[in-house]
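Labels run A, B, C, D and E following the written order; every chain starts at residue 1.
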Amino acid sequence: MHDFLSLLPLIIITAGAVLLMLLSTFEKTNVETASYISMGFYGVAFFVQLVIGCGPEVTIFDQTFNGMLVANNFSMAAGLVILGCGFFTSVSGHSYFKVNQFCTLEFYSIMMFASCGMILLTLAHELISAFIAIEIMSLAIYILVGYDRQNVKASEAILKYLMLGAFAGAFFTMGTALIFGAAGSTKFMAIAAALNMTGEISPLLLGGSFFILVALLFKVAAFPFHAWVIDVYDGAAAPVTGFMATALKTAAFALFANFLAMNNVMHSGWVTFLFYLAILTMFGGNLVAIGQDNIKRMLAASGIVHSGYLLIALVALNAEQFSGSVIAYYLAAYAVGTLGIFAALSYLSGEGERRADFADFKGLAKVHPYSAAAITVFLLSMAGIPPTAGFMGKFYIITSAFNEGQVTLAVLGVVSSILSMWYYLRLIINMYFHEATDTFEIQGTPLATAGTFALVFCVFAIALYPVVI
Amino acid sequence: MFAEVLFIAFAALSVLGAMGLILFRHPMKGAMSLIVTMISLAGLYALLSAKLIFVLQLIVYAGAIMSLILFIIMFLNIQDNDLPVEEGRFLYLAGGIAVIIPIASFLIKIVNGLPDSQVTIVGNGFGGVKEVGLILFQDWLLPFEIVSLLLLVALIGAVVLAGKRRLVK
Amino acid sequence: MFEYALSVMIFLPILAGLLLLLCPVSKGAARAIGFIISVVILFIGIEIFLGFSGKSGMEYVEHHSWIPSLGVNYALGIDGISLLVLVAATFLFPMVFSVFKTKTKGFYGNLLLAQGAMIGAIAATDLILFYVFWEIMLLPIFFMIGIYGGEKRLPATLKLTIYTIAGSLLMLAALIYVGTSYHEQFGKWSFNIADLSALSLGGGFAVLAFLMFMVAFAIKIPLFPFHTWLPDGYTEAPTSATFVLSAIMAKIGVYGVIRFVIPVFEIEFTRFAVLFSLLGVAGMMYCGLAAIAQKDMKRMLAFSSASHMGIIALGVFCLNVQALAGSLFQIIAHATSTGVLFLFVGLMEERLENRDIDSLGGIAYRAPVFATFFAIAMLASVGLPGTSGFIGEFLIILGAIKFSSFIGFLAGTTLVIGVCYMLWMFQRVFFEKSKESTDSFADLTTGEILTFVPVILLIIGMGIFPQSFLEKIEPTAQQHIAQISAVSQSQVADTTVQNPGHNNHKN
Amino acid sequence: MEHSANYLGLIPLLPLTGALVIGLLHMMTCTGKPLPEKLYSTLACIGPLLSFFMALVVFFHLRDMAPEDRFLSHIAFTWFAIGDLHVDMGFLADPLSALMLIFVSFIGSLIHIYSIGYMAGDENYGKFFAYLNLFLGSMLILVLGNGPVVMFVGWEGVGLCSYLLISFYTKDTDNVLAGNKAFIVNRIGDLGFVLGMSFLFWAIGSGGFDYLSLKENTHLLTPGIGFAVCLLLFVGACGKSAQIPLYVWLPDAMAGPTPVSALIHAATMVTAGVYMVARFSFIYAHVPAAGTIVAWVGILTALLSAIFGMFQKDIKKILAYSTVSQLGYMFAGVGLAAYSAGIFHVFTHAFFKALLFLGAGSVIYALHHQQDIWKMGGLKKKMPTTYATMLIGALALAGCPPFSGFFSKDEILFSALASGHPGIWFIGVTVAGMTAYYTFRMIFLVFHGKPRDQEAYDHAHEPPPVMTVPLIILAAGAAFAGVLNLPGIFGGHMSVSHWLAPSLVEHHPHASVWVELFAMLASIAAVVVGITIAYKKFSQGAEEPVFTGFAKFGYHKFYVDEIYNAVFVQPYKAIGSLISRIFEPNVTDIHVKLSTWIYKKCGKGFKVLQVGYVRVYAIYMVIGLSLMSFFLSQSIN
Amino acid sequence: MIHDYLILSVILFCLGILGVITRRNVFTVFMSIELMLNAANLAFIVFSRVHESMDGHVLAMMVMAVAAAEAALALAVVILLHKHKGKLDTNVFSLLKG
C-alpha cells in the first residue's frame, strides 16, 4: 500500500495533466480555469507528498517495476520542491498570461507532464527509465520554452535547447550503453554491486558514467556545458524560465545525487573530476553573470553559479550514509528565491516582457515598494545573506564541504559568492537608488503578486525552521 | 568468415553513410546517406542475432522516422539558396576532427581494454519477438509505460508547436 | 522580567523597523515610534548595565536550540567584553531620532533594524547567530547610504557593501572551519564560543582561517590597509548612518576580534600580534595624516575615525590587560566622541547644506553652545584627560609600551597627530571671520541641547569616573589575557611576542 | 603614617566650579544681552582667593608637622584600576607642592583681580574668566596631583587652557594659529610625558603609581630604563616649559590677552616642567647623566632666547624670551640636582615676571594696544606707578642684588660652578649680562627718553587701581622674595631650601665661601655691564635701528620658526595631501581598483564568448568533453 | 570481433558529434544526433550479445522510441523555425546572445 502512496503524487499530477489535455479540446474552458486546476492538482499532490512522508528507503513495487523506482527522504524532498515549483509557476502564469496572450490549456497540461517526468526522475534508480524521464521532462520543457510561436526569440530558444539537449541525450544513451556493457544491467543496484566487486571503476564503467555525468552536467548547466542556459532563459517566458530554473534543476540534481551516491566507489572515483568542475562552474558562471544587463540572463548565469555550489555539495556528499539533505535544502532555498523573482517578473515585466534589463527597473521601489522589497529578499537569498534561506543553504553546503575535508572547495565557494554580490546588488541598486522613470503599471491578476509574497514568507520560513535537515 | 565479410561490408557502408551525412550540403542527400547507414546497421543487428531489433530498425528507424524527416524536408521545399552558405566547412571539419580525437581515442582505449571474443549468430530464439517481448513486459514494464507518456508529450508538443493555433480566452 | 531582556532588545527594534518599513506611517509618527523604541531599549540597556554583576562569566543568558543537527543555537549572553559595546549600541540611538527630523519613515525603520541587528551581533554567543546578525546589520546601512546618501553614493555604497560582505563571507568559511574542527575533535557539533575556545587548532589552514577572520573584522574596523571603503562610505552616507557605522559597527569589528578570534586562535593570534599591531599603528598614522588634507569635514572625521580605530585595534593586539581594557573602554569613548562629532556635522549639514571646511568659519560666534559641545566632543576624541578619550588612549599606549616599545612610541604619536588636524579644522570652521555661508547658522534648540547634554555629561563623566565602567570589564579582560598568555607561553614560548627588544630589531 | 586632608580636593575644585558656572552663564547669554561684568568678576575671583586661603591653611598645617613626614594626602576616589595599574584621583601636599600651591594661587588671584580692569568692556568677558578659572584649576591639579597620571590631567588641562586663552581673540587667524601651535607643541611634549610614564609604570609602577610608592620603588629601576624615563619626561617638560627644541610656541603665545601672558607664561604653566623634574627628583637623582643633559639643554635655551630677546621690538616678545631664558636657568638648576635652587627661581621668577607682564599690560592698555617699544618712550612721567614697579621687576629679572632674582639665579649659577660644570656657569653668567641688557633696553625705550608717538603719549594714563594694586603687591614680592632663601653668606638660613628638603632628593655641593663669593661677583659684574651698555645706547631716545648681519639674524630668531615650518609643518601637510590625493586613491586602493578592473574585463570577455550561435555552444561542449576525455584517458591504462 | 563492432559504434558516434559541431543546417544536425543514437544502439546490441541477455534489445527499443519522440518534436520545431525565417541555418537564429 505504501508503494502506491509513494506514487500517488505522481499519479495525481499525471491525472491532472491528462485531464487538462482532455479539457483543452473543449472550447468552454479558459486558461484561468486551467491554471486554477493545475494549482489545485499541484497543491493536492504537494500535500499528499508531505503527508506520506517516507521511511528511509522504499523500493516502489519491487516486483512489478523490478526495483527501478526507489523513494527515500531525498526524493521526497525533491518531489516537494518540484511540486511547489509547479504550483507557484501556475500562480505566476495566471497573471502572466493575462498580459501575454499566447497561452492555451495545453500549457498547464505540458507543465504537469514535465513535473511528472521530474518526479519520475527523482525516483528513478535505473538508467533507461531515468533517460525516458529526462526526455519527458525535457520535451515538455522544450515545448514550454517555445510556446509563444509568434515570438522569434522563443523559437530560437527552443532550437538551441532542443538541439543541445538532444545532443546531450545522445551522450546519455551512449553512457547507458557503456555501463550496460560493463555491468550487464542499468539498475543502480546492479551497477553498485559490480563496482563493489572490483572495488574500482573499470574503464568501461568510467567511460559510461562519464557520458552520463556529461549529460547531467548539461542539464544542470555546469561549465562548460552552460552556454545554452543563458539564451534559453532569455528566450522563454518568465514563468517558464522560473519553472525550468528551479524544478528542472531539482530533478536533474536528484538524479545526479542518486547516481553518484549509488556507492562509495562511484562517488570517490568522480570526486576530483567534480571538484574541478565545481570550481569552473562557479567562477565561469560568475564571470558570465557579471557582463549581463538583462535580468533573466543574469539569473540564468547565477543559476550556473548555484549549480556550482550544488556540485560542491555533490563532491562533499557522503555516499555511505547518503541523505541528500544538504542538496535538497539548497535546492529548496534556491527554488524559493528564483521562483520568487520570476513570479515578480511575470507581473512586473509588462506586455511582451518589455522590461527586461536592469535599467528598466530603475526606481521600482518608489512605485511598488512591496514588490521591490520582495525582489530584494529573493536576491539576498540567492546571494546568501542571512537570515534568508539562501544563507542557510550555503551554510550547509560549506559545512558539509569542510566536514568532508573539501577545504579548498569551501573557500572557493565563498570567494565565488563574493564575486556574485555585484550582480545581485546591481538590481537592488537599480530598484532603490534611482528615481522612477517608468510607471510600472501592473496588469493581469493579483495572483502572482500574492504568490510572490507567499514566497517571501517561504524564504524566511525555510531559513528559520530548517525542517529538512 | 562469411559473417566477417558481411560485417566489413556493413561497417564500411555505415561509415560511408555517416560521412555522407556530414559532408553533403543538402539535407536530402544527407538523409539518404543516413538511411544507408541505418540499413547497414540493421544488417549488423542481424549479425548480432538481434532479430527483433533488426526488424524494428528497418521499419521504425529507416522506415518511419527517416521518411518523416524526408517528408518534412520535401514539405518545406528546401532549395539550394535556402541552405546556409557554409564557408570554411572543411576547416571546421578539420578543427572538429582535432577536437574529437581525444574523445575517440578515449573511447577506443576503453574498447581495447575489453576482452575480445568472436560473435556468432545464436539461434534458440535469442532476440526473437517472443523472448524480447517477455522481458519487456516482465522486467521493463516501467520504461515501457513511461515511454507512452513521452510519446504523448511529443504528440501534444508537435500539435502545439506546429499545429494550427486556437487561442483560448 | 529581565530574563529575555536581550531578546527584547534585539527583536523589538527589528520588528518595529519592519513595521515602519511595511506600514504606511507618517514621517513624524515614524520618528516618534523610533524614538520611543530606542528610549525603551536605552532603559533596558541601562538596567542591564546596572544589573551586570561584573564577574567574568556570561550574564542574561538565553539558550534555545535552532539547528540541532549542527549544534547551532540561539544563544545570547553578555559579559564584560560585550557590555560596553552593548552600552554604546543602546545609549546613542535615541539621539539620532531626536536630532534628525527630516528623514522619511524608511530611514527611521532602517535605523531601528540596524540597531536590533547590532545588538544581536553583540549579544550572540553562538558563532552562527553572530554571523547572521553581523550580516543583517549591513543591510539597513546599505539602504540608508544608497537611498539617502550624498551625490556619489552609488560607488561608495557598492564599495562598502561588497568590501564588507567579502570580508564576512570569508569569515563564514573560517567559522564553519572552526565548527567542523570542533566536530572532528570532540565528536559533536557546536558553534558556541565557550565550547570553541577549548579547540586546539594547528596547521596551515588554521592560520588561513585566522587570517580570514581577521580580514573580516579588519574590514569592518577598518584596519589599514582595508580601510579604503571608509572615506567614501562615511562621506557619502547620511550622517546618521555614518554615525551608526563609526560609533557602533566599527566597534563590533573590534569586539569580534576580542570575542571570537582571541579565544579560538590563541596561538595564531600571538604569532601575528606584532603584524596586526603594526597595521593598527600604521593605520592610525596613515589616516591621521590623510585627515589633515581633507577639505570636507565629514571626510576628515572619517579619516579621524579610522585613525582612532587603528589605536583601538592596537589595544586588542597588545595582549595585555591594560591595553585590552583600554580598547574596550575606548570603544564607547570613541562612540561618544567621534560618533557625536558625526552627528554634529550632520546638524551643520542640515542647516547649511555645506561641509566644505574652507567655506565655513566663525560658527562659534553664531552658535556658542554648539561650538562648546563640539569642542568637548573634539577634545574627547583627541584624548584630553578629564574626558572619556583619555582613559582609553592612555591605557592602550601604556599596554603598547609593554608589548613593544617601538609600537608604543608610534601609538603615542596619536596624541600629536590627532590634535593637529582637529585643531586646524576647528580653527577654520568655528573661529576666524564668520562667512556668508555661516551667517545664518542657528544655535542648537532646546530640544537638541537636551539631546546632547547627556552625551556631553557622559563624555566628561567617563573621563572622571571611568572605574564604574572598567570594573565591569576587568574580570573578563583578565580572564581573556590569562587564557591567551597561558597558551602562548606553553606553545610559542620563543616567539617574538615575549621579547620587545626583538621586535624593535625586527621592525 | 597617613595624613589625610579632605579639603585638598577642594583647592582645584573651587576654581573649576567657578569655571563651570561662569562658562555656562556666558554660553547661555553670549548671543543675547550680556550679563553684568560685576557678576562675572565676583564669581571669578571667589574661587582663586578661596584656593589661596586654603593653600595657606595647607602651608601652616604642614609647618606644624615634623619635617620628615610633612605631607598631606587625600584620595578622592579610585580613578581607574586595571591589573597592576591602580590610579587614584588623589592629592598630595608636601613642602614642594605647598610652595607651588601658594604662589600659584596667590599670583593667580592677583592676575584675576588685575584682569577685572584689563578686560573691562570685552565682549567675551565671561568667557575669559571661565578660561582663567579653568586654567587655575588645572594648574592646581597639576601641582597637587599625587601621581604622574593626575599630574598629567592638570598638565594637559593647562595646555588646553593656554590654547583657549592664546587664541582668545579668535577672529584673527594668527591668534588661533598661535594657539594651535602652543597646543600642538605641548602635545609633542605630552607624548614624551605619556611614554615616560608608561615606561615608569612598567618598570616600577606595579606597587602603586603615585609619587610616594614610586619613590619607595626607585631602587628597582634599571639605569637604562631610568635614563629613558628621565629623557622622556624631560621631553614633556620641554614642551610645557618651552625648552629647546620645543620653545617656539611661547613667543607666539603672546597673542593672548596680557594677563594671560602673565599667568601662563610667567608664573604658572611654564614652570610646570621644572616642577615636574623636581617632583621626579628621586628618579633624576638616580640617573645623574640625564640631569646633565637637562642642565645643558636648559642653559643653551637660556642663551639662545637671551640672544633673541636682545633684538625684539615687541614688548611682550621681549618678556617672553626672557621667560624662556629664565626657564633655561631653572632647568640648569634642577638638572644639576640643585632642585631647591631651581624651584626657588621658579618662585621668585613668578613674582617678577608676573609683575613685568602686568606692567607691560598696563603700558599696552594705556597706549591702546601698542606693543612696539620703538613707538613708546618717556612714559615715566605719565605712568609713575607702573614705571616704578616695572623697574623693580626689571632689576629682579636682571639679577641685581638685593632683588629676588639675584639670589635665586645666583644659587643656580653657584651650584653649576660647585658641581663642576664651569661651562654651564660661564654661559649662565653671560646670559645674566645679556638679560640685564635687554631688560633695561626695554625699560629705557619705554619709559625714558622722548615719546616717539606723540598722540599715543598724550592719551596715555595710569590704569585704574584694580590694575595697579596687584602691580604694587607683586613689586613687593619681586623685591623681597629673595629674602626667603637668603644664603648663609648673607646671614640667611636658606629657608626655602630647608622647607623643600623633605620633598626632594638632592645633594648640596660643598664649595668654599670664596667660590660662592666669586660666582656672585662675576654675575654682578655681568649685570652691571649689561645695564651700562643698555643705558649708553637707549636712555637718550635712540631711534629704531635697521638690523643687519647677526642682529637681523637674531631679530628673526635665527629663522627657527621658518626652519620648523619648512622641516616639520610643510612636510606634514605635504604628506597629508600626498596621502589623500595620490596615495589613497591610487596605491592603497589598488587592490580594489585592480580587482574591479579584472572583474569587469572578465565580464566583458565572457559576454563575447556568449556568441548566440548554437553550434558554437556545441563546440564549447565538445571542447570541454575532449579535454575531460583527454585527462580521463590518462587515468586508464 | 566485439572490438570491431564497438569501434564501429565509436566511429559512428564521433561522426555524429562531428556533424553536430560542424554543420549549420538544422536537418543535418538533427540527423547527426540520430546517428549518435544509432551508434549507442549498436553498442547496446553488441553488449547484449556479449552478456547474452536481451535487456540490451529492450534498451535499444526504448532509445528508438525516444528518438522517434524527439524527431517528432524536432520536426515541429523545424517547421516553426522555417515559418519565422524561411531558412534553416542555425546561425540565423542568434538574436539571443551576449
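Quick notes on this structure:
The rule is simple: a contact is a pair of C-beta atoms (placed from the backbone, for glycine too) under 8 Å apart; a residue touches a chain by one contact, two chains touch by 3 or more.
Note that the structure is predicted; figures quoted are calculated from it, not measured.
Looking at chain C and chain E, the chains in contact with each of them are A, D. Ranked by distance of CA centroids from chain A, the top chain is D.
Counting C-beta pairs in contact, the pair that comes out ahead of the other among B-E and A-E is B-E. Taking the CA centroid of chain C as reference, the farthest chain centroid is that of B. Centrality annotation: C (chain centre taken as mean Cα position, compared with the mean over all protein Cα atoms). Computed centre separation for the pair chain A/chain D is 77 angstrom, with centres defined by C-alpha atoms. Centre-to-centre separation between chain A and chain C, using Cα means, comes to 42 Å.
If you average the Cα atoms of chain D and of chain E, the two centres end up 96 Å apart. Separating the centre of chain B from that of chain C, both taken as means of CA atoms, is a distance of 70 Å.
Shared interface positions of chain A, defined as residues touching 2 or more other chains, are 128, 132, 135, 139, 142-143, 146, 149, 158-160, 163, 167, 178, 181, 203, 206-207, 230-231, 291-292, 422. In chain B, the residues touching two or more other chains are 96, 99-100, 103, 106-107, 109-110, 113-114, 139-140, 143, 147, 150, 153-154, 157, 161. In chain D, the positions touching at least two other chains are 607, 610, 612, 614, 618-619, 622-623, 625, 629, 632, 636. Listed by chain label, the pairs that touch are A-B, A-C, A-D, A-E, B-D, B-E, C-D, D-E. Residues of chain D touching chain B in their complex: 619, 622-623, 625-627, 629-630, 632-633, 636.
Interface residues of chain E facing chain B in the complex, by the touch rule stated above, are 1-8, 10-19, 21-25, 27-28, 30-32, 34-35, 38, 41-42, 45-46, 48-50, 52, 54-58, 60-62, 64-73, 75-80, 82, 86-92. Here chain A touches chain E in the complex through residues 128, 131-132, 135, 139, 142-143, 146, 149, 152-153, 155-160, 162-163, 166-167, 169-171, 173-174, 176-178, 180-181, 184-186, 230-232, 234-235, 291-292, 297, going by the rule given at the top. The touching residues of chain D, counted against chain C in their complex, run 23, 26-28, 30-31, 77-83, 85, 89, 149, 152-153, 155-157, 160, 163, 167, 170-171, 173, 176-177, 179-180, 183-184, 187-188, 190-191, 194-195, 197-199, 201-202, 572-573, 575-577, 579-581, 583-584, 588-589, 591-592.
Residues of chain A that touch chain C in their complex: 370, 373, 380, 384-387, 391, 394-396, 398-399, 402-403, 407, 410-411, 413-415, 417-418, 421-422, 425, 429, 432-433, 466, 469.
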